[in-house]
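Here it is: the structure, laid out below.
Labels run A, B, C and D following the written order; every chain starts at residue 1.
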Amino acid sequence: MSLLHPTAPPPLISVQNLSLTGRRGRGPETPIVTNVSFNVAEGEMLALIGESGSGKTSIALALTGYARQGCRISGGTLRVAGHDVLHMNARELHAFRGMTIAYIAQNAGAAFNPALPLMEQVIEPALVHHIMPRKEAVEQAIALFELMALPSPHTIGARYPHECSGGQLQRIMAAMALITEPEVVIFDEPTTALDVTTQIEVLEAFRLAMRQCGFTGVYVTHDLAIVAQMADRAVVLKNGTVQEEGSTGQILTAPTQAYTQALVAASEPHTRNHDPVPASAPLLDVRDILVGYGGITPEGRPVHTILNQVSLPVLAGETMGIIGESGCGKSTLIRAIAGIQPWSAGSMMFEGQPLAADINLRSPQQRQHLQLVAQNADLVLNPAMTVQATLRRVLTFYGEDASDNAIRHILDMVRLPAALASRLPTQLSGGQKQRVNLARALAARPRLVLCDEITAALDTVVAAAILDLMMELKRELSLSWLFVTHNLHALRSVCDHVAVLYAGHCVEFSTITALQTAPHHPYARKLEASVPEMRPDWLDGVIRQHGSKQDKAGPPPANGCCYMPRCPMAIAACTHTPPPVWQAPSNAFIACHRTAQELS
Amino acid sequence: TVSSNSVYSQTNSAPRHGGHVRAASTTGSLSDTLDPARQSMATDYMRGNMFYDGLVTLDETLTARPALAESLESTDFRTWHIRLRSGVYFHDGAPLTSADVVYSILRHKDPTVGSQVHYQAMAMRTIRADGPLGVIIELDTANITFPSVLGLTNFAIIREGTTQFDKANGTGPFTCAAFQPGVRSLALRNANFWNPGGVWVDSLELISISDDMARHNALLSGDVDIIAAVDPRLVALVRKRGLAVMESPTGTYTNLAIRQDVGPGRNADFIRAMKLLFNREQMRDSIYLGYCRMGNDQPLPPEHRDFNTHLPQTRYDPEQAKFLLSRSGYLNQSLPPLICSPAANGSVEMAVLLQNDARRIGLQLDVRRMPADGYWSQSWMRFPMGFGNVNPRASADMTFALSFASTAPWNESHWRNAQFDQLLVLSRSEPDEAKRRALYDDMQTLIHTDAGIAIPTFITSLDGYHPRIRGLRPRQGGQLMGYNFARSIWVDETDTAGGQP
Amino acid sequence: MMLSRPLHRLLPLRQTPVLLALFWLLLAVTGPLIAPCPPGEVVSSTVFAPISSTHLLGTDYLGRDVLTRLLFGTSSTVLLCAVATVLACGAGTFLGIMAALKQGLTDTLLSRFMDGVISIPSLLSGLVAVATFGSSVPVLVLAMACIYMPGSYRTSRMLALSIVRKDFILSARMRGEKTGYLVLREILPNMTGPVLADVGLRFIYAVRLLSNLSFLGVGLQPPQTDLGSLTRENLLGLVYGAPAVIAPALTIAILTVGLNLALDGKGQRQ
Amino acid sequence: MTARLGEAIALRVGASLVSLVFVVVAVFFITSALPGDVAEALLGQAATPDAIAALRHSLRLDQPVLLRFAGWAGGLLRGDFGTSLVSHQPVLSMVHDRLLHSLLLAGITTLFAVPAALLLGTLSAIFRNTVFDRTISLLTLCVVSVPEFLIATLAVLVFAVELHLLPALASISDIHSIGSFLAAFSMPVATLGCVIVGQMARMTRAVMVNVLSSSWVEMAMLKGISPAFIILRHVLPNVIAPLFNVIALSLSYLLGGVVIVESVFHYPGIASLMVDSVASRDIPLVQTCAIIFCAAYLLLTTLADIVALCSSQERTRA
């Protein structure tokens, strides 16, 4: 392809002084990325690190010669595998994309056409580039599905996107990228939206593919632990400029730039929650709640049970953490407490009063004192209302002081500058939106705030700031928090109590101190082990330990332990008897057939 | 302003048989019918004249001429003896007999038929056969002009016992090959027609295009050969393109009727003032571009043989009108609205011009334009001031009897004048032509001065045609030769100029 | 920013659609005042006269001054159609969003009713309204508004259906907000673009319906007139290329196209 | 799941029938409320009170409205649409030909207009905010806003009167060959096309822009698929439902809304029949026409809704 130099092989990807500009609607052009340069040698994996909105995706897209609607590549040179990307015509670009360079998008759920079966979409690059006939392409795709450890690789291709989980889609997308055996693969935050256990499966699949196909890669992420596992070198971006570039080890252990140092520091786990909570009557008492979707069977149970007999006491002034993998029912629980998801059995008490299942039947005071901060700040803020209009409405609605001063005070509480007040949500960064969302909840002067994965989409620095903020507010306003996450680090650093959910069952309930000591439920242990660490050999270790291909689980038994199919310690009783709940010496409540000694 | 007719109709060569002609008239709707009794629109009349014959026919000066009747005789003008032509056959082959005539005329008396001439038929006391070819009609009162009544298209003769009219079975010059209401009718020459010089073209298709522009375009593009009602504004253009326009001075008029039994019409000054407010010259020039004759507030047009030539012409006189109005006290009063409608040709324009002239002398007139459909049944003659539109009647007598006699059903201004009624009765049995004319003159004077009717203009009918169509002559009876063009036209195939003069 | 709120409130005035609408409204109000002649006055003995210094846009089919007629026609067209469109789209949008919000029986009943209304030919409804309640400007405006409301209802219901599922509506509902607030403050601002585009189209339809009604004789009463009727009554002038027919047609085009383009632009910016 | 779909479709169809009944009842009372009746319309200027009364009696118009409605509706249930009060012919036979003509015109127009509109809309969505897009937008708006009688008349003036290329009238009875067929239909179809293409193209663009900005279209481009292929294979299946809705709305106009085109070209369609029947107050005929328009509209929108139901069903199948 290019002339091989005897001493230093020329880089496969060479980016020189790349500048990108964007324009929103009819507004002026603003720079997104300025003067970015880096090289990637053949066979190397480069990580692009940086906060949300720093231009990572934009650069990754530029490598394929593509700029999003309203954006433009305004300068620089881009050479990828011998092609001058910026000077190709449309036909050459079509041949280049998908063939020489493949892209794995940030949000797999949105990147598949909802109206076409997955197999059609996966083999499409091979077909449009006339690499192989259809039959061969299907075989190749099935082989890749197997490589990606997808369940039932022979039939999964016939499914539609909505029939697969996020993790599965992410792996199918990887298969789609690899089917043409491209020279360069770009991963754009492929695991950000996944929970830790699924993340390991996906990362493992990538690893395997990298070994087998030997492509050059660019890996976009804001998770430093993943960088440590996947990349050889890293580029740190902030505000569209390169802050630092170096080998992964150097960046993670000896960063030279202040911003990189902050990033690394923020990803170190540390405890924020210092004061123990005084024991009191629970502020919110959830008892044996049963939630499901679909119709009601003749026995009075929902067709699809999501939450089964879950009980949670939340004390005043404490932070209760809920952890579990994707789809285990965390959001469902939050929604039930918030009154937008009816439950079919069980009860809830709030501030000593029974809490109606339907939000419309709750008293205004209950509504005011129980506030929800939802996961995706993008969707929860009205895109047509400015920050101050949003906040002012909440204040006036609950009869609070709605003056400019009050609004400024609330923005101040979430550490947002007052200048932001007149902006629309689209003009805010992800972290800012999440804070506005928080501010809106706080404006109601709540007693309990329900937080549904509010840090999942944020980079470490911003996420850390939000966690700090939560703890500060807890101290200042003696708020209670119900904190849902799948990030064990975050959980450890802020919570007083933790509930571990699996498939709608609360498998372990313990104090944060008890979480540090054995024994644990097998699932809790697995979660623990799945939290990525900065050690470069962590991923290999985990894979070695668990053996690969974990997602082979069948359906849980009708009357036994829900975790049985995946449990490495399952015994005969697990298949037919519901596990008993017992209290461990550490005060943790564990639902398992095994004893404390066996689990230690 | 009546200029000479197009040169083409004046080239005198002998008529020839043959050819297909397509003609477009103005109105056409679902209520198009082959039932002579119910025909009420121009297209209906034209179609009726193609398939049916009457006992008499009206010529270019509206004089009654025998048609199916060989003779009409009466001594007292009450009992009329009619002798039918022999050797006349219906399209289905049946011969014409007196029974057909009796049936055809008696039908009009049956209200469920919905006849347009029900009123006129009710004036006939008995109608009976007198032998196979003789008919005797006895009237309620004497009427010397009765033959013209029978000349009305509606009194066409149909086969005895006909109740279904999806096909026409008449004695006329054409047979009906196709009839789709509101769309078209196709006529083929009747080989057995009793009058050998009465029809020339082989086939004639009659369609109706109500959209003015579209009708002109059809003529200009050569899609049709003849159109009725050329707009005065397009006459020059049509002629410039080598097509001909025939101008027929007809007695059609659009008039303002002020009811004399209610509202301001009870005051003679008011009526007089309104008549003076009509700027007739301006209406002639801007509405009809000169294609009309000035009206003098009485219903006979200048070329009518009974026209009163001595009456002074009413002229636009705003000062006098203002004086009369202030004298009557209506100048500053709110007046009932002026009702007009596209249904009454030109009435909206007249109303607007009148309104503007009234505004100048400080009189506030509200113009209310009504929808065309339902105008005649819902608005006409129901409001204190409204416009009407009257087609030429077969005779002066009919005009007076239907629209001005105290008991007339269409006495638009609700005018009651005993002297007029008396003159009317006298005139009907006056055999002396000159004396009758004198009576008519007096009646016209009475209408002119007393009736609440303002007639500003008589409309000149304009019909456009391709020069290869020959035989068209203006008639007073209405557009396209009094709706009877089908019998006269012929096609000059040698004229290949195709629009180049 | 927060301190300069009065200024901020004036900001919408700088937007093109608003400016354009203001211009036409101004013309509508002042048009009859600056017209050179009375509207019914015959000023020339030539009909369909071409442009001249005495009659800037020539004369019409009766010899009246076209500029005068045009100013009067623009005035009534703009005023009537604007009011009718605003009424139709206001009510239609509100009901449409409400139906999407409430779902269930409200939605079904409203939608079926609107479907029924929409499928009755508009000319028939117009005729009947005027025949029953008499021909007056309020009746005309109301009839036009009723005829175009179902269309607007359909559009906004479709748009709102995807919005009411969004989380921010849920959070407003959790607060216990009333329907009116939800419709007007939470949902409507998120669909202004398409709704405005719809308003533009309905305005065009209203102009057209007004002229058709006038043609049938149930529209505006003389000497009032509207642009569509002006075009139609002077249609014969087309063969002479008379400004009497071209001017009102052009005015309609400029009025409606301009407004629509401006509204489109507004929609795109959102 | 298909049972659920079937149920939903049945519900939708049932709801449409309710609308139809509503319209039937509404139109009957609306037309009855119109001033004047068929007797007055028939007699016109010649009407005298006793003649009107007698004619009314013979047409049974002197019965109370409710009774007449009951009689008419009863006939309808037996499949009898009644007889015209004006021509005394069965309404169905009167409507039959006109409806066929209208369907023919609508069909041909659809054949040309829908692909044109979809193409224009799609192209301007692809090249959104470019000069091309703005030009198309301006053109479509102009065409929509100029009254159709002006467009039709201009077309006739140019092509029939000046150039003598096409006939000024689209008379069905003159059609004997393919050539004359094309000649007769080209101008009416073009005029109607102008009216509906503009609007359809604009709505298509809106639908398309929505889909084209989704991230899976971006992904498809990054796979190296050409734009035409993306539109055909990826975008089309996703926009079928909304596009069908757009098309349905426009097509329903082609039956009832074309009075002007019918009258300018002297085309015997059902819209002018309806206007005529209103003018002559021929209530059975008005009713039948209204039922036809309403049924056509409801059929089209119901179809669109069913397409939407089916395609959303496909996506939520789990």
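To be clear about the criterion, contacts are C-beta pairs under 8 Å (C-beta built on N, C-alpha and C of every residue); 3 or more make two chains touch, one makes a residue touch a chain.
Model, not experiment: these values are computed from the prediction.
Two chain pairs, A-C and B-D, are weighed by contacting C-beta pairs, with B-D ahead.
With centres computed as the average of Cα coordinates, no chain lies farther from chain C than A.
Chain centres here are Cα means. That of chain A falls 49 Å from that of chain C.
Chain centres here are Cα averages; for chain B and chain D they lie 40 Å apart. Work out the mean CA point of chain A and of chain D, and you get 51 Å between them.
For this pair, chain A with chain B, the centres built from the Cα atoms lie 89 Å apart. Looking at chain C, residues 127, 131, 235, 238-239, 268 sit in touch with two or more other chains. Touching of two or more other chains is recorded for residues 34-35, 149, 153, 157, 161, 278 of chain D.
Under the touch rule stated earlier, the contacting chain pairs are A-C, A-D, B-C, B-D, C-D. Chain B contributes residues 29-31, 33, 38, 40, 111-112, 114-119, 166, 178, 180-184, 186, 207, 209-211, 213-214, 217-218, 220-224, 372-374, 376-378, 380, 409-410 to its touches with chain D in the complex. By the touch criterion given at the top, residues 61, 64, 66, 68-69, 93-99, 102-103, 105, 107, 110-116, 124-125, 128-129, 160, 162-163, 176 of chain A touch chain D in their complex.
Against chain C, the residues of chain B that register as touching in their complex are 212-213, 216, 231, 233-234, 237, 282, 285-287, 289, 341-342, 348-349, 351-353, 355-356, 359, 366-372. The touching residues of chain C, counted against chain D in their complex, run 108, 111-113, 115-116, 118-125, 127-128, 131-132, 154, 158, 194, 197, 201, 204, 207-208, 211-212, 228, 231-232, 235, 238-239, 245, 249, 252-253, 256-257, 260-261, 264, 268. Only residues 15-16, 18-20, 22-23, 26-27, 30-31, 33-35, 129, 137-138, 141-142, 144-147, 149-150, 153-154, 157, 161, 199, 202, 206, 245, 249, 252, 256-257, 259-260, 271, 274-275, 278, 290, 293-294, 297-298, 301 of chain D touch chain C when the two sit together in their complex.
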